[in-house]
């Protein structure tokens, strides 16, 4: 089956990108939006690298390892920041980042 | 729950992007690679618009409808081309494009 | 020479993407960040479609026209919103959006 | 002025992404397309990371350094492969990759 080697990590990457994009927009609607600035900024970085890492894996790129390592590091930073906030979207995003970082490191 | 309105279409978009990226790379490995040129080109367009449409939906963008309409049109073109070829990755991609176009039109 | 047909519009697209990404981040640093929410959201949409339109043009994609039309519409929306604000980054972004929409329509 | 710190590297990144996208499509039109497979694959990786690195820099992301380092490594790989081929688009791409890698390392 197609992409079998990387199917699980692609799913984790897509889920993390969606969680980050959702979290960024939801943070903008929070009362304490000033406190969410770093969260929004890291959400944008994390969504971007997750999507490109998923694409590289789906292509079977020889650059897969460096994409995975970079993605794991950015997921760590984003998940750590999201984990500081009590909003549901931040908690969901922190968990998605944690799973994605783990999946990236397993696959790298 | 997060992204609930668009969860199904985001999944169809992510699946289509992965199928397109996989198909583009697999086409490059085929014996008849010259015949696959248009397929590879449309795979790249389709993967790109699927990825950005998924991101726009996850953000709850007010531009969602135009992303969805554009994505459906590009999925149509890519799926039609993939459907002309007998390679498994092309058939899988044609099916992913068909489902994605349908999901985009339902959501638009 | 490479990309000659589309060189000017690719430059306008890249300039617009950079202005949108810069504006989104700068808006997050403003005192009146709540007022900037729609500006930030549209900046994200506009940066995304500009980058993918530039990529499609550089590839000489047969889908160029639909990318250009979609991009022009999103540039219009983003530029209109940015034009409502007095911050320098918003004014610069509004101007980049206006030029980019015009370049897209000329090329489409 | 906006993005001033990173203006030069953003221009090098945008130029490299355009050269890679153009090279990928032009390689598909060559007679010896089978020989160009690795070039096309690396062009796709390089265009993707250049685009996201430019976006991260324009946002003033705190993740800029890791994006720049990853981008430089992928530009090295892509530029080395492009440098093996005599097609004008490959030579232009090799040169764009070399300049971009250098700009990324200076900025990191």
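Odds and ends about this structure:
In order of appearance the chains are A, B, C and D, and numbering begins at 1 in each one.
Definition applied: a contact is a pair of C-beta atoms (placed from the backbone, for glycine too) under 8 Å apart; a residue touches a chain by one contact, two chains touch by 3 or more.
Note that the structure is a prediction, hence the values are computed from the model and not measured.
Chain pairs C-D and B-C differ in how many C-beta pairs they share in contact, with the greater number at C-D.
Here the spacing of chain B and chain C, counted between their Cα centres, is 23 Å. Between the CA-based centres of chain C and chain D the separation comes to 21 Å, rounded to the whole angstrom. Contacts with at least two other chains are made by residues 24-25, 41, 44, 55, 59, 61 of chain B.
Taken as a contact graph, with one node per protein chain and an edge wherever two chains touch, the assembly is complete, since every chain touches every other chain. For chain C in complex with chain D, the residues that touch the partner chain are 2-3, 10, 14, 17-22, 24-26, 47, 51, 54-55, 58-61, 88-89, 92. Per the touch definition, chain A reaches chain D in the complex via residues 38, 41-42, 44-45, 48-49, 52, 55-56, 59, 61-63, 66-67, 70, 73-74, 77. Taken together, the chain D residues at the contact with chain B in this complex read 24-25, 28-29, 33-34, 37, 40-41, 44.
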